[in-house]
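Quick notes on the structure that follows.
Letters A, B, C, D and E name the chains as they come in the text, with residue numbers starting at 1 for each one.
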Amino acid sequence: MAGLQELGFFNSARSSGQQATKREAGTVNPGTGDAASMNRHERGHFGPGSFSFPGFLGLMLFLSFLLMASFSFAIAPCDPWVRFQPFLPPGWGHFLGTNDLGNDILSELIYGSKVSLIVGFGAALLSTFLGTLIGLLSGYYKGLVDEILMGITDIFLMIPQIPLIIVLAAFLKPSFWMVALLLGCLWWTSTARVIRSKTLQIREMSFIEGSRSMGFSDLHIIFSDVLPNIFYVILPKFLLAVASAMIAEASISFLGLGDASMKSWGMMINFAFTRGGFINGYWWWYLPPGLCISLSVLSVILMGFALEERDLETERIE
Amino acid sequence: MKHRLGRLMAGFILFMLILAIQGQCAGEVSGTVLKIGSPSVVKSASLLGDSSLGVFSHLSNPTLMKMAENGSIVGLTADRAEVSKDGMIWKFFIRDNFYWSDGEKLTPDDVMFTFNYLADKSPSAGWIKKTVENISVDGNAVVFKLNKPYSRLNLEFATYTILPRHIWEKIDKPLEYVNNGEVVGFGPYYISKIDTDAGVIYFKKNPYWKGSSPYFDSIEIHTFSNMDVLSMALEKGEVDAFYKYAGSYPYTSIQKLKDTGNFDFIEKDNIGLTFLAMNLKKEPMSDLEFRKALSYALNYSEILNLDALGYGQVPNAGFVPPSMMDFKETRKLQYNLSKARELLSEAGYKDSNGDGILDGKDGKAIKLTFLTRTDYQRPTELVIGYLKDLGINAEIKSVDSSTWIKQKDAYEYDMTITRSTPWGMLMHANWGTGYFDSTRTGEGVLHNVDDPAFLKLCDGILAATSQSELKEYAYQVQDYYAANLPGIALYWSRIVTPYNKVFTGWYSDPLYGIYNVDSFLEVRKA
Amino acid sequence: MSPAKKRLLRCILALFLIVSLNFIIPRSMPGDPLTNLLGEDAYLTEGSASELRSLMGLDLPLHEQYLAYWRSILSFDLGYSYHLHSSVSSLILSRMKWTLLLAVPSLSAGAIFGTILGGLAGWKRGCGMERVNTAFFLMIYCTPPYFLSLLALYLFSFRLGLFPLKGLYSTGSFLDIAHHLMLPILVMSLFSVSRNFMIMRGSVLVERRSLYAAYARAKGLYGNEILFRHCFKNALLPIITIIALDFGFIFSGALFIEIVFSMNGMGNLIYDSLLSRDYPVLQGSFLIVTIMVILANLLADLQYSRIDPRVRWQ
Amino acid sequence: MYPGISPEKHQQRRILKVEGLSVSFPTTLGSVMAAQDISFDLWEKEILALVGETGCGKSVLASAILRLLPGNAVVSGSVVFGDRDLLCLSEKDISRIRGSQISMVFQNPTLAHNPLIRMEDQIAEPLCVHRGRSKKSSRKLAEKVAISFGLEGGGILKMYPFELSGGMNQRAMISTSVILSPRIIIADEPTKGLDDALARQAIRELSSIKEQWGASLLLITHDLSMASAVSDRMAVMYCGQIVEIGLSSEVFENPLHPYSRALKGCLPENGYNPIPGSSPSLIQPPSGCRYHPRCSQMTALCKEAPPMMAVAKSSSNSKKIGMSGCSDDRHESCGRQVRCWRC
Amino acid sequence: MRQAGEMLALLNAEGISLEHEQGLIFKKRRSILKDISMELVEGETLGLMGVSGSGKTTLAKIMAGLEHPSSGIVSFQGKDIRPLSGKEYLDFRRSVQMIFQDPEGSLNPRKSIEGSIHEVLGLLRIPKRHWRARTSDILNTVGLSEELLCRCPGQVSGGQNQRIVLARVLLLNPKVMILDEPTSALDLSVQAYILTLLKKLQKERGLSYLLISHQADVVRFMAHEVYVLGEGRLKRV
């Protein structure tokens, strides 16, 4: 359970513990700290502290998608490329029916999770890495470095990214690696901004000056002192980037700019859309991938929110 | 604040509902209107620039000739056409009873103007300049003097609409000329308004039309960029019939329409087809035996069932579909995997190391690059599967159309799937030769055959002056296809055009389907 | 340099970058730059191709091409679409008004309802109604816009028959246009509301922990009074910039909505030119969209400094 | 220095009675007892100082009276204001009292003001909220009050909080809290973060409230000497409990509880004599007397929790403060109480 | 005045001025420090007072070499510190240390106390086997028990935090300590403890302090010499 706690699923419990031991428990909660909510907390839902149910739900959902993607060969009832009778409605042989080629939709769905997760995480990893690096450098060194890096960030922020991706994807060869790369290269900006402002805050704290005056190198300070203290900002940002990248991938596939040789959710909707799945009311064809996109994005966002809210809770102490 | 918010939202929803109801009332329009729904969106109101509008304008500005049901070319604006013995002089006799919608009479001069004008200003009619030496008017006939025999001229003239000289001679750049309002025409209807934002082309009765009077006061072409929405509109009765040039109503949606019981369907064999093309300059596709084996490895009926839902038939080795003129029955293509394997091993393709993958003549495992565009993903997937059954590995290379053209032109592929339109099958020397003749270039053209025998056939057709001569060549071409398999047809499809049962009298020609003057003169409310 | 000037400079730089990018992309991609510049559907004979090549200055050295390119941009000449047979700038002008007609009401509704509902949700975190709201908008937030519009179209237009199926109008009267636009606007508003909702909720969650909110409560303000008298404005501050930055994203959502609802706006223009590889239109549209987003950003900055005295003070 | 209690004091009435107030926060590590069994009275026109170190629970106590604690706080006991127990009121009713009857001055005045609203509107806000006055008319009164606290000229009132210094913000905040002439003002560390000079200024203003506005002041501070200089009575808190309460002059000059004595020893004038050990955790406070692990005079008895005990008044004391006239009730609260077995 | 050469001046400031430039094109100069000179002598404490915003902390950072003045020289043991490099720089870096006002911000909140101390031992390249001994040794010096080691800065009190900071700094064996309001955020009793500890350390190790505070009491208690910083200038009291 310690792992979960670290991920912020017992957020307020942990922080108020710290809080009260440290100083007179934060003066106020301006919200609705009325008698009702006081009672509620007295009873305490979800065990000893407030347990972040949405966060837990997100984690569970996400884990199931991860499982789906990594063990698709074992979970899927059949090879998604094998053909059965086309346009079968959901039934015992095929739980979600078959598509226009007679591929088993459930299997397609399970294999499709791979692309979504790879693009989502690939893009987010790249963008988070770039964003963190740029944010850290800009926030730590300030001055000219900051001006230049933030200038670039500002400019990148203003470019509408989906149209740019569409334009670039039109010129480039469609492949989901390319999509991940493009998204990653474009989506570091908001991370960089947040990381920078946090770095600026942390940098002004005395322990950084202290480390400097002790003669620690800048590299050591950035990675050992600054980075751990902004990690809690990076993680939710990363998760939000994953979510956005997943939606973007689905949208690009929908436009027909995706990778045809891979099964992906966006592609499935695209086929359902272009090959009569919609008009015929074959909901088992377009609804499951649509829901899967929404749910996987939701799972990631819920985790991100849980982390961010823990961040909010801890912020009161710091 | 919260109350205010609630009121704001309630007002918003109320407004929406009022609009919804109001909109439904506004939907009723008086007068007799025929509404045709089409997925070919008119993107700019440029009669010569926009290809969709060009097709739709056939109703207001009919062509010189038209294609009869049996595929032969007969007169429309022209009463008939005559060609000299050497095939160098064509005479088109213009009918006497056509009037422009502004009251002017249509004269042979208008026809002469049109083709001179097009030759001058339209890049797609550039061939006229090259082929036609001069155009003159001889009484009620327009005379085309050619610099070499061109047997297909009457066919070409079944596609160009005739323009009023008194309007168009003032227009310098016809491709850029945009006219959202009335377009002067001489057909039974003329275009009264082109509304690209609403996606509607309005036709009104031509007041000076002298032929049999059409049954509707106006005709509206509603274009839909989204096929599903078009289907919904049909089903809801918002449009009365479907039309797409060279295209069928989506096979997947037909059953749904049938179930409503409100629709009838015109089914016609499509002249165009979907086919597998091979790069004949590369091993092992250059090997005829390999191609032959391949022709046995494809499960045609499955492709037909999956890609066209069975609307069509398994093709012949002769490539050309039976709906074309001078069709010759050649070997029916069949799926016979064991025969395919047999042929391959006879030809020397063996799996030497026992990994299930065949080796080429050079002893290395065959690995093919299958170039594909997004539109052909499904059949590509299928063909790749058949190749795998045969022991041949093919890698999909999915590209956009522009890259496809580049790579195809540079022969950087092994196989690809593409399709032809009716006009594509008819162009050049007819019977699909335009796709294979290596001397040609162009967007969808594969130009992969440089066999002199084939090229000679093409030249022969172009210079042919009699129907019997043409027929002879046509048979030879089809035999050539069947024997050499430069491309393998995957299926011969049917064009299905649904229309609301309420309207009867449709007539469909092989080139433009139900969108022809005869059809619109006959269609009426039952 | 004042932040405002800095911002302006960055906007100009962004614009410069985008214009340059537009210049570079077709010239650096594989293949013939002429094809990349004209789109592949352009019917060209060999002669006219070389004629065009020199007409478009493709035979000039790159830097001269670049200068010429800038000159044409500044005179609002975005090139010519051989596919649509019209100059790109007039095409965009005629399409843009419809997109704006879709985007402006949706974005305004999104901003108003999104911030108010989001503010309330952040304020009353944990209360039943707000949980339902949050779950609902979260779900919308997680759904790709095109999927949402497809569902809405299917349900409202087709199944329930409340709205027309396509297009911008049939008769052209105000009510008719409004009737046609209602569903797309509704879907896009929902999309925009959900984004603003999530941001505002987070922002209020931060603000409600601030000391001034606590002090407001100690002054005797009750319940939502604190939110609307104090926190709302403060929570709005970060939102303004985020909404502006988000504008690009929401605008992209509008593109998808237009595609689904067959509306003749920028979205369809971009989609069509994408399908037909009509590069001049694609680039021109991208340029214009970028300019709009940058303008939105500038506007947001102005608004920001109007609300936040701290910015003015600097 | 303040002369003991003046004769009028006899006529004064009690306006706030805190009895057995306990506040705890449930956590995974255990319950944090931020305040335990706190009882005291506040009389009309009196300054009561609550002195204690960081983390002893004094701010929690102040917030608990106005019910401003976070939602997870568990509060028991009673806070009787007038004839109503504040802890039993609905949120709406208590919000009617906050700001109008009992107002609060926060530490860190710069952050406690909304950065986006002009000072005058913030000062006038209680008028708008409680009296329903228009913004315009309330601004006038706000200006009057603000001027009386020295906020005048240069359009200070039209400025925003971040444009003003900490001291000015502090004054604005004091103006805000007195604008409705509340009965009680709770000042939570009003001098924290201020320079010496500014702190002195703030204290002077606060103590003038009693005279000018006729309100009682509950002053929360960690500064012993400041508390003794300003307040009439003083309560010393240690680890969530009041360990000693009595007249300021008496407590300061003659502290009885060992902790109070040690605290006095820390003062600069007494030579910075540190208290050994460190403050205990509020989760598992020491049993018995909470100070006993650090107490130099610990005995076996200290292992058991001592109750609050009234100190038998010595003759000199009673003469000095004139306690003879006290009623029984009065006696109990006016008189000195110490939570130590030895006293 | 002390006679020159009588005692060694460890840290010297000569004619230090600091100006802030605002604006990129039209520069506006704001003078923060004007021509400040002072010297810190071994084993003594120099008190520096001033109202908030007078530039005390900036001056402290300049003296510690963390910021650089617009003009003027700070020299350590007679050598200008700016061009220092290599071993000399390391020597200076370790000899002059700063202690900050906020005890909670002075330690990395994500590192355990042990981690924070071990980090310094690692910096000093002390072999790992000595770490335990050195750690308990230094904790002893500042009067802390070893059970704190596994906690994080957030879990110990302000006074303890400040003592840990002190312990970390003492590991480097500094000669000069610049104390920037070391006790103003602390409670009275803790303040007393820290001040006494600082005095004791000075006596034992012969440290020099530059003590910055706005509390006259504290400065009076600690310093041998007192200066007041006002309007950018230094005045001796």
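Here is the rule we use: contacts are C-beta pairs under 8 Å (C-beta built on N, C-alpha and C of every residue); 3 or more make two chains touch, one makes a residue touch a chain.
Here the structure is a predicted model, which means the values were calculated and not measured.
What shortest step count links subunit B and subunit E in the network of chain contacts?
2
Treat touching chains as neighbours and tell me the shortest step distance from subunit A to subunit E.
1
Counting C-beta pairs in contact, does D-E beat B-C or the other way around?
Between D-E and B-C, the larger count of C-beta pairs in contact belongs to B-C.
Please identify which chain has its centre, taken as the mean of its CA atoms, farthest from the centre of subunit D.
Relative to subunit D, the chain with the farthest C-alpha centre is B.
Going by C-alpha centroids, which chain is farthest from subunit E? Tell me that one.
If we average the C-alpha coordinates per chain, B ends up farthest from subunit E.
Using Cα averages as centroids, what's the distance between subunit A and subunit B in whole Å?
For subunit A versus subunit B, the centre distance works out to 46 Å.
Using the average of all C-alpha atoms in each chain as its centre, how far is it in Å between subunit C and subunit E?
53
Could you grab the centroid distance between subunit C and subunit D? Build each centroid from C-alpha atoms only and quote it in angstrom.
That pair's centroid distance is 55 Å.
Just the number, please: Cα centre separation of subunit B and subunit D in whole Å.
Whole-Å distance between the two chain centres: 90.
Check each residue of subunit C and list the ones that touch at least two other chains.
Subunit C, residues with two or more chain partners: 214, 216-218, 223, 259, 277.
Quick one: which residues in subunit D touch 2 or more of the other chains?
54-55, 68, 91, 106
Quick one: which residues in subunit A touch 2 or more of the other chains?
Correct list: 21-22, 27-32, 37, 170, 256, 273, 278.
If we count contacts the way the header does, which residues on subunit E are in touch with subunit D in the complex?
Listed in rising order, the residues are 51-52, 157-160, 187-193, 195-196, 214-218, 220-221.
For a test of understanding, state which residues of subunit C touch subunit B in their complex under the given definition.
By the definition above, subunit C touches subunit B via 30-31, 35, 40-41, 43-45, 48, 83-86, 91, 98, 109, 113, 116-117, 120, 153, 157-158, 161-173, 175-176, 178-180, 182, 186, 224, 228, 259-262, 264, 268, 272, 277.
Name, in rising order, each residue of subunit D that touches subunit C in their complex.
66, 68, 91-92, 95-100, 103-104, 106, 108, 111-117, 125-126, 129-130, 160, 162-163, 173, 176
Tell me, which parts of subunit C touch subunit D in their complex?
Of all residues in subunit C, those touching subunit D are 210-212, 214-223, 225, 229-230, 233-234, 237, 307-310, 313.
So in the complex, the part of subunit A that touches subunit E is made up of which residues?
Residues 18, 21-22, 205-207, 209-216, 224-225, 228-229, 231, 317-318 of subunit A touch subunit E in their complex.
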